[in-house]
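Presented below is the structure to which this report refers.
Going in written order, the chains are labelled A, B and C, and every chain counts its residues from 1.
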Amino acid sequence: MEGMASLTQFLLVGLTLGSIYALVAVGFVLVYNVTGVLNFTQGEFCMLGAMLAATFVRLGIHFLPASFLAVSIVVLAAALLERAAISSARKATPLTLIFITLGAAIVIRGVALLFFGTEPYTLPVFQNLRPLQLAGASVTWASLSALVVGVIVVLLVFLLLERTMAGKALRACMINRLAAQLMGISPQLMSLLAFVLSAAVGAVAGIIIAPITLAVYDMGLMLSLKGFIAATLGGLASAPGAIAGGLLLGVLEALGAGYIGSGYKDVAAFIVLLIVLFVRPDGLISAVRGERV
Amino acid sequence: MRKWPLLLTVLLVLLYPYLLQSTYFRTIGIFIGIRAIVVIGLCLLMGYAGQASLGQAAFYALGAYTSGVLTVRYGVSPWLALPAGIILASVVAAAVGWPALKLRGHFLALATLSFGLIVYFLLKQWSFLTGGPSGLSGIPALSVAGARLRSAEYYYLVWGTVALVAWLAHNIVHSRIGRSLRAIHDSETAAECLGVDTFRLKLQLFVLSAAYAALAGTLYAHFVRFFSPAAFGFKVSIEFAIMAALGGMASIYGGVLGVATVTLLIEVLRAVVPLALPAAHAVAAVETAVFGLILVAVFIFLPDGLAGGAQQLRTRLVARRAAAAGQTKEARS
Amino acid sequence: MQKRRRILSVLLLSAVLLASGCGRKAATPPAAGKPYEVIRVGAIFDVTGTGAPLGVPAEQSARMVVEKVNAEGGINGIPLEVVFLNNESVEDKTVLAFNRLVDEDRVLAVAGASQSGTTLAMVPAATEAEVPLVSAAAAVSIVEPLPDRRWIFKVAPNDSHVIRRALEHMLENGIRRIAWLSVNNAFGHSGKKQLEMLAPQMGIEVLLAETFEANDADMRVQLTRINGVKPDAVFAWGIPPAASIITRNYRELGLTMPLYHSHGVGSRRFLELAEGTADGVMFAIGPLIVAEQLPDTHPQKQKLLEYLSVFESKHGTRSTFGAHGYDALMLIVQALRNTTLTGDVSKDRALLRDSLEQVQNYVGIGGTFNVSPTDHVGLDEEDLVMVRVENNEWKLLAD
């Protein structure tokens, strides 16, 4: 019985961590498929969203308008970044573009340090609610909301891609950039759209994880790293793949910590990751679907 | 005409410790040299074989820790520990590279990144051997015939190694292997069709770049004489990759240039920014942001890195000179 | 191509030269009877990066020392100048910063760094250059083994003192079997080693030792494992935000046994980030954070209140790590006051080292320092107090 409760607890923690990674990974996949760029500023978008929302709440603004404001600012920053750094380097190779995003991530971190300082921030949202009890394990409202908001965000992105004209154009770009261009879809515009969309997802992710992990100016790099791993694990091809990759990574870490011991939890997670890579060299999901060539 | 700039560079490197007689400047020179050895290996791998590695700090760590552990825990001479580290890193690289190099593009980057993280966490975990997160101290300094190497001598040891490593890399690039390598970089399938055993070549380069990193790690270990796993985290791997890309990956000298630029730029910013700003975190913030901006600007305007940019400039200058010569000829006729 | 490269490197090199030249004051001959125009000391703190929660208050407090000393007429009439550098919590950068202070700024001593790892990175360089180094970090290995640490001092209490004090408190309250949870970095590792040594000596059994990474987001897995072995109490060893997350997760899981922390939680931030879950948390720490509650007879009380009034008016809320930055620089100042300087930098560094070993009964922020050739810390566990969080405030526990 006790073992069962522990397992439930480990899985719940794993899913909480996993939904964080999944949201970062979704942003990765969106930009990657439209522009071919692995965008390492994705984690910084989360950081900015979290820090801005926390700052606004601290200034006395209510949580919802504060979040809205934070997401808007991050979206603007992303648009600026896309125009200034990515768009003007059209001719650069994908590898160079990755380094541009790595450099841009450093710039964002510097600016964040200037405005927010080095102190960690908190985003008090659910502090007065008692955690729920579930099969002998406890779930906090913060992690529950991370899961729920994560699902909602992914659904929204899905609807946007499936049901709107802009979304269809984006999807066309994701499937075949050249053909899309021939059909009169501007790749420049789509690249901007992908960045803006992924920044919005990133900022929302940052805001919903801040009550769980707290927010600090240099959290972005770690999130980018985990998001990249999750996205690649999921095949880098689709949002569902990214989510599966994220959840898998989170659960792996939690189970590793739970059953092998916390000292080896990261070692265990990365060894499993390597084995997965070597066995399924194109990532888990695309190997199942066999979509990418 | 083509030779003397190189000669002047060599002269500058040779005279540097005496132009600036201070341990501080020599330390900068030594750090540039040590990192350059890693980055030259990375340039071979990334620029010539087209294989991205985000785990180079792990091999750097293997070199440093093999040397550190053997000398501190077992009293082995540093000169014997040096080849031990290189051999260990090469063996590990072959074992990891065998399955990893079958992966393409971003999956290889992910595999090397994961490998780097595994090594990093193991270094923290195996504290009975490595000293764990507290680090390893008491590493002996290098000495030759009983005389300890001081900063100037260490500088020459490091840069002598850089020269050796660069010469070896240069020979590889300008051999038959080098031509095959460039073929892999351009199109692996085409290269394979032409009968190039691409996998074997890639693996050889991967092992070589690991050996370079381990060699640099050993030199690092006996210079700083204390380190902890923090010096080999994945941030360090990314920094190596940035240095290689900044200098221009398809050039061995570009790698050295990239390392020198990044290292010096950071020191210049650290010296200049505090003059304008009082608050410590603001100083760090501005340093970080300016450093990032410069990186982004270089990559936007010189997509082939500094070496590529220099090459372009030279071509343009030559063209202009030729055009000018043509014009004078026309005017004369 | 190579020519451009050469020009570029020459340009860069001259830029470095220029930059370092700008930072350096022109050497003016000192006035008659004084060995120096200004006494220059260096300070390196971990102001950004992972060590920032420690480095920031330490640096702010050290700057207060400079103002205070100069307002009081300097050191034996000579103004004090401190060159502050930030190592960004990176070991390589610490080594470079240290060499810059020693060679370019010609400082007489260096204060810092805030973390054990970054401090240890400077130890070989300081020993070789024969420059006194006074660290603000805690690990015992900074000052031991003593024969190799002639030039190294530190002002933060040893981890062993903090742990022994907390274990004593556990024994008094009938706690015999504990679980340990520490951050997987130099701070946590050093604490763990001390615990493994002290606990058996004092008759306390450690049932389980778990770790977490400094930037981990959730510690419920470790706490679930800990709950599985049913300890009498849990001893956590880390700094915020991780320490706050542990405390929140502890309450979320409904754990009820006593929760002890390290002195790493001695900042307001810990309480803010824990969002009201910290009540009941206990820890051993220097007396700074509960200065107002000390009895008036406490030798440090006046000094602490004085420090706090300045620090809190400038930088907001107090942090125990500010004390270490303050003490590190103040110990150097104290020793400088007792040194007859000659004007020869390397000779004066050696004289200053000798004076540092003789600082006696100096009332600092972290305690009363009695340094000697056999003790380069000068503090003992008598300088620590036990504190419990009540209603989100620190409460001094009676001995």
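In the analysis below, a contact is a pair of C-beta atoms (placed from the backbone, for glycine too) under 8 Å apart; a residue touches a chain by one contact, two chains touch by 3 or more.
A quick note: this is a predicted structure, and the numbers were derived from the prediction, not measured.
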Where chain A and chain B overlap in contact partners, by chain label: C
Chain at maximum distance from chain A, centres defined as averaged CA atoms: C
Pair joined by more contacting C-beta pairs (A-C or B-C): B-C
Cα-centroid distance, chain A relative to chain B, in whole angstrom: 31
Computed distance of Cα centres, chain C from chain B, in Å: 34
Residues within chain A bordering two or more other chains: 113, 117-118, 263, 266
Residue list for chain C, restricted to those that touch at least two other chains: 47-48, 52, 56, 184
Where chain B touches two or more other chains, by residue: 281, 284-285, 288
Contacting residues of chain B [partner chain C, same complex]: 2, 5-6, 8-9, 12, 20, 22-25, 27-28, 31, 124, 127, 132-135, 137-138, 224-228, 230-231, 253, 257, 260-261, 264-268, 270-272, 274-275, 280-281, 283-285, 288, 306-307, 310-311, 313-314
Residue ranges of chain B touching chain A (in the complex, touch as defined): 46, 52, 99-100, 102-104, 106-107, 110-111, 113-115, 117-118, 121-122, 125, 234-235, 238, 241-242, 245-246, 281-282, 284-293, 295-296, 299-300, 303
Interface residues, chain A side, partner chain C - complex: 2, 6, 9-10, 12-13, 16-17, 20, 113, 117-120, 122, 124, 127, 131, 138, 140, 143, 209, 212-214, 216, 218-219, 222, 254, 257-258, 261-263, 265-266
Residue ranges of chain C touching chain A (in the complex, touch as defined): 47-50, 52-53, 56, 184, 210-213, 215, 217-218, 220-222, 224-225, 228, 240-241, 244-245, 252-254, 269, 272-273, 275-276
Of chain C, residues touching chain B in the complex: 1-6, 8-10, 12-13, 15-17, 19-20, 22-23, 45, 47-48, 52, 56, 59, 84-86, 88, 90-93, 95-97, 99-100, 102-104, 116-117, 120-121, 123-124, 129, 139, 141, 148, 184-186, 188-190, 193
